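This report refers to the structure that appears directly beneath it.
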Amino acid sequence: MGAFDGPSGGRSTTTPQPEPDERRPSAPPDEKPGRRDPATGREPVLEAKDVSKRFPGVQALDGVSLAVYPGEVHALVGENGAGKSTLIKVFTGVHRPDGGELRYRGRPVAFATPLDAQRSGISTIYQEVNLVPMMSVSRNLLLGREPRNRLGIIDVARMDAEAERILAEYGVRTDVRRPLHTLGVGAQQMVALARAVSIDAKVVIMDEPTSSLEPREVETLFSVIRKLRDTGIAVIYVSHRMEELYRICDRVTVLRDGKLAHTGPLAELERLQLIALMLGRDAAEIGREGLTRFSRDRHVAADAEPVVEARRLRKKHVLRDVSVSVRPGEVVGLGGLLGAGRTETAKAIAGALPIDSGRVLVAGEPLRSGSTASAIRAGVSMLPEDRKAEGIIPTLSVRENIALAALPSLARSGVVSEARIDRIVDTFMRRLRIKAASPHQKVSELSGGNQQKVLLARWLALQPKVLLLDEPTRGIDVGAKAEVQGLIEELAGNGLGVLLISSDLEELVEGSDRIVVLRDGAVVGELTGDEVTEERIMASIAEHSREGD
Amino acid sequence: MAEATAASPRVDRARLRGWLQEYGVYAAVAALLLFNVLFTPHFVDAANVRTQLVQVAPIVIVSLGMALVIGTQGIDLSVGSVMALAAAVVVLYLGYGAVPAILMALLAGALVGAAGGSLVAYVGVQPIVATLALLVGMRGLANVLVPQLEEFRNPDLIALGSGSLAGVPFVVVAAVLLTALVAFLVRRTTFGRQLVAIGGNRAASELSGLPVKRVLLTVYVISGVLAAIAGVLATARLQASDPTSLGLFIELSAITAVVVGGTPLSGGRVRVLGTVMGALLMQLLSATLIKHNLPQSWTQMVQAGIILAAVYATRERGTR
Amino acid sequence: MTDTAMIASAGDGNAPVSPRSERISRLLQHHGALMVLLVLVVVGSVAFDSFATPGNAASIIVSSSFLAIIAIGMTFVIISGGIDLSVGSLYVLGGVLAAYGSQYGFAVALLLPLAVCGAVGLVQGLLIARAGMAPFIVTLAGLLGARGLMLAISDEGATTYLVEDAAFAALGQGSFLGLTYPVYIAIALALAGMVLLQRTGFGQNVYAIGGNEQAAALMGVPVARTKVWIYLMSGLLAGLAGALNAARLSSGVTILGIGLELDVIAAVVIGGTLLTGGAGGLTGTMAGVLLLGVIQSLINQVGTLTSAFQQVVSGAFLALVVIAQRLLGRAQRLS
Amino acid sequence: EENAAAPQPEGTQGAQVVATPTGTSGSTCSLEQFGGEKFDLKNAVVGFSQSEKEANPFRIAETQSIRDEAAKLGIDELRVTNAQSQFSKQITDVQQLIAQGAQLLVIAPLNSDGWEPVLQQAAEKKIPIITIDRKINAEPCKDYLTFIGSDFYEQGKRAADQMIEALGGKGKVAILLGAPGNNVTTERTNGFKDRVKEKAPDIEISFEQTGEFAREKGQQVTEQLIQSNPDINGIYAENDEMALGAVTALKGAGKEPGEIKIVSVDGTRSAVQAIVDGWIHAVVESNPRFGPLAFETAQKFLDGEPIPDTVIISDREYDSSNAESSLSQAY
């Protein structure tokens, strides 16, 4: 069929065509199992040819081809919902493709289950952390490969020691016997990573592995990836973070709306061009308009009364006298490393975490502690960090999910008004550009980025005074990220107070008027004005680390 | 992605499958009706139709409450015992007249529901054990109150059981009204939306400021009251209060009706009409087997087979 | 790479261990039923002279052994996030088949119930794992179907087969140190179950499936196969318990096991296994089984309660036990 | 008021009368044969194991009769357990009674088979067992002392006689069976069917469904029955509760009293009243008042007298001729 090199690569005509020599010659491909990389002469280890996959209402993949070679890091990029995760799941046997062919090590394959794929040497870290929360860290890490004693019985002591050793390589030090869910999301992600890599794999697929990692963990991850590449393992790497792609990836495949938009070496593509390919827009045009980002030129009256004020929040082992305040129209960033207590601070303010002492004032009025309902009534909304566990209601539609928190205000004496719901849902779906087949599509069927937008819509529908955003752009594509950032800007401009938590330092710095730095559950610094830089944040953390140790 | 929704044959098949999932239970009821019309003598007599509807009414009412509870990812095993308790209370207070007696019975149902609901919502006991304790204890309590079957001659209560409105038995009227009420509750009220949200993801609902505990408590209270209503109606029909055997094992029938009707036990969804159809299916099935005079062994095995077939046809399939 | 270590809260350079309170909490949560059991036994011994006698203790233990065997299977089922309502019917079916089979000798008496109950379990497992049907419904159908089958082979329950084989009867009646063989069989099976659950790949898979089925599948757990085994095992154990009971009673009594599934589930859940799956264990289950036996025995000791009051008391007991266990766990977690 | 139905301790109304004082096989058992030791009944620990909840007239009257008689005889240490219809629980109950030091056991068995473990333990300690209302399938005088109760097969036969008479020897009859697997169900069914086959081959038994001994089930099954078999002439209900359920169903369907002949077994007051009202044709009694006879037998045994291995009591019959006058004797 030749689809791999065929016109599908350049079907979107507005995109700048890559140089011809980047693309492999269109020799009749089906004579030999697999073709050779022109540069190295190697055969692809994993290959998709003209693969299609349809979900009810969505053509998630439409004739997509992809070839990955041993010893390369292959970036897979595209907007939210472009089909990246779906393609990966087709590779690993989670979904069965409707059409097309998959080849692995030169032979056609159809993995029946992820287990088959894993056994054959394709190891995957999925977008959502997919581990078992209630099992211990070591059991999660070594599930299926537990060390046995002579009787064939699991040797628990050795298992724990082994797990501790493996995790130490990834910079995770924790009691491996505790249940996984007691770890932060980032640490869980590292466990998943360690698990995937320590399996003897030929191909390692990573679907947005860095979305919940700290900068330092990202470094750890990159050194792992480089090691993998050097030992001849192929890595498929999905991420929305452009700088990362350029640092670590050799080649790139761009998907757009389920179709192949481009494939080729990454170095030859400029960042702007890559974004243009993803968005399906003209590079020059994007260059002119720029991708909307934080403008950093907002001014908040320094003497304005804070709209929300947290005073000496204290919770044993978690928070130590944390005080934060946000004024109307101000974006306050919360900086700190994993486990610093940023999420807990936000949750305590939103009434979702019972605290031992301290109080939260909204517009001067104290909130009843430990009650999300009263916080919401007072105008405090929190976008939770863990979308899957604490955000979406998977059984309900997009519409129901958006309207959920605002229901009481959309109802008269307990009876909901469908018209009012429709109006709100319609407004926000358009304003946030939520991509769904219809408002009645199940939210669990949306791509990660769109789920996040649905959640944002849920909170905005409440017309809050204060918005607490915990990692609002995690797992969101460049376009959407810019939109969300623009939105934050806009909201703040309208007088909303925003508390922003982000592990993306660049975003934090660009977005915040002021940054409060946390470490080990305590405030260790506050940066304002020109002090708001990445270096100062890192310095502030480091300084106190030294003191602390 | 609007252009991607263009129809294709594959989508049609998916839609058909979705349709079967949604309406499979209706098809099953229709099939069973057809069988009976063809092979069961006197099946289409008005009197027979009436008998089937009257007999199914209490199960429908109990199942409605069960559907709500299951929607919140819970389960209520206490419904049968609540029926018995309501039967006991209603004869105890019958001296004050039918209406006060019935109100007391409903109150008793509400209290049992509140007890179960508090255990689940506030103490955090798993629904199945919380309501299991009530299943055991409340049947005992009913028997303490009314140690043996007690006949009554109160004309109002007897009329409730055997009278009719424009040819439709009161019992059936009650079931229809309650079905409409519950359907309204689920579809149109804040409470209904919150209930399914809590069943779908409790943590998220809590963070979204929903009154999770209150909703859970209310759901169990509603289930208790509905079971009490069913108990009163069954008692009125029997013209005797029989706390020993009234509602025995009805929780299993109700759960079956709910699940066969397409409400998943994993919560987050409630199908009211499906539940009614599920109850009807089970009723028609047992009527068919009785009318054809099958021995108990066969009855049970055939029931097992049909339940499996119905649920198999309507099951939610994975992505492949 | 160690310099990039993420320091956990207790970060003191060494691998941090969980705080002691957390461990105590875990212990209590896992062994809440055991604590309540101990309390009840102490209270019972003080309050009633005839409670702590060897005879009474033996009767509690012996009668609990059958429930215990079934509860082992149920523990696996519930940890995997499922439920098995068919055990009560399989128990009586197993007994009737064993008694029927005993006329052909020891082997048939033992193997016939295992084969049939195992087959029912297998079919249930296949329907649940391969066809993706809800365990509650599949096993509810199993409950009906197995009881129907039992009625069919016993002439609508009218025929009670007697155990003909002396060796087989001895399996249920013989005793050692005052306890009958089924007690030792139950203990052996429980120990084997613990090893299977905690120390084998199969056990890990069971926990993983119950904890997060989707993740388990993605982590390479053979979900369907594991589930089939779980239900097969539950069916086998219920059948075995029925067979042993038939040996003890010397006959295939047909009126057994109605509502037994609820007792078994109660025992497992009281034992600290989460009905939502993913957590729990057999130590708790065994404590839960004994707890139910002790509660019954205490009610019998009082001796003056009417049957209705007995039910009220056992319902209240059940509620108290779960509340106590729940609060114990919570208090520890908060501190 | 609740106790109105219970027998008056001093009255002889409705007391059991022994039908076969010497037992069917004629063999007897004495303390010597049994091998136990004599003890004073008054100061002894006596265990009574009831099978089902005291929630129907039969069980209430039965337990009450045992309690009353024990009180009358001045037995302080009467321990009563209730198996709540769970056979396994009954076995454990009796074992625990033994552990509590019971010297005499009175058992109302839930099931005839499966008593092996209890019998072994009792035999070791030489505890005499009197089983009432249902038999235990074991060896009298060795495994247990004696059985006192009705003959359920005979009850079925007598019900058949009543039905045959009511229908004049031909017609269609439906049976409302008791709970499946229950000995009582089996024997009352067999007695009825055998008698019909033998004496009235023109009577066709065209319908048999279980009503599980409960009134509501009896009503529901009858409702189904009269829709699908409108030509039915008679209903044999294996206990009074189901018969009364059938009556409610017939009333609801607009039938006249006596249009369909109902015969049942038990002799509860409501059923006898229904005979008076014309809805039930006849009731065969099954007398639950075992207390006096049981303790009398025990006393005789302890006194060294030989006692029969089976004591069948004579059950009365109620029909329109005697219903009104014997209403007060029904339980």
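Per-chain residue numbering starts at 1, and chain names A, B, C and D are given in the order in which the chains are listed.
Simple rule for what comes next: contacts are C-beta pairs under 8 Å (C-beta built on N, C-alpha and C of every residue); 3 or more make two chains touch, one makes a residue touch a chain.
Composition by chain, UniProt nomenclature: A = Monosaccharide ABC transporter ATP-binding protein, CUT2 family; B = Monosaccharide ABC transporter membrane protein, CUT2 family; C = Ribose transport system permease protein.
Nothing here was measured: the structure is a model prediction, and the numbers come from that model.
Counted by C-beta pairs in contact, the busier of B-C and A-B is B-C.
Rounded to whole angstrom units, the spacing between the C-alpha centres of chain A and chain D is 73.
Chain geometry summary: the mean Cα position of chain B and that of chain C are 29 Å apart.
The geometric centre of chain A is 43 Å away from that of chain B, both derived from CA atoms. Here the spacing of chain C and chain D, counted between their Cα centres, is 36 Å. In chain A, the residues that reach two or more other chains under the touch definition are 94.
Across the assembly, chain B contributes residues 143, 147, 295-296 that each touch 2 or more other chains.
Each of residues 53-55, 180 in chain D touches at least two other chains. Interfaces, counted as pairs of touching chains, are A-B, A-C, B-C, B-D, C-D.
Chain contact summary for the complex, chain C toward chain A: residues 1-2, 4-9, 11, 14-19, 22, 195, 198-201, 204-205, 207-208, 211-212, 214-222, 278-279. Listed in rising order, the residues of chain C touching chain D in the complex are 50, 53, 55-56, 58-60, 62-63, 66, 151, 154, 156-158, 160, 162, 169, 173, 180, 245, 248-256, 258-259, 293, 296-297, 300-301, 303-304, 306-308, 310-311.
Residue ranges on chain B touching chain A, taken from their complex, read 1-2, 4-5, 8, 10-11, 14-15, 18, 188-191, 193-194, 196-197, 199-201, 203-211, 267-269, 319-320. Interface residues of chain D, counted against chain B in their complex, comprise 2, 53-57, 60, 180, 206-210, 212, 214-217, 219-221, 223-225, 227-228, 230, 241, 244-245, 248, 252-253, 270. Looking at the complex, you find that chain B touches chain D at residues 40-43, 45, 47-48, 51, 54-55, 143, 147-149, 151, 162, 234, 237-240, 242-246, 248, 287, 290-291, 293, 295-296.
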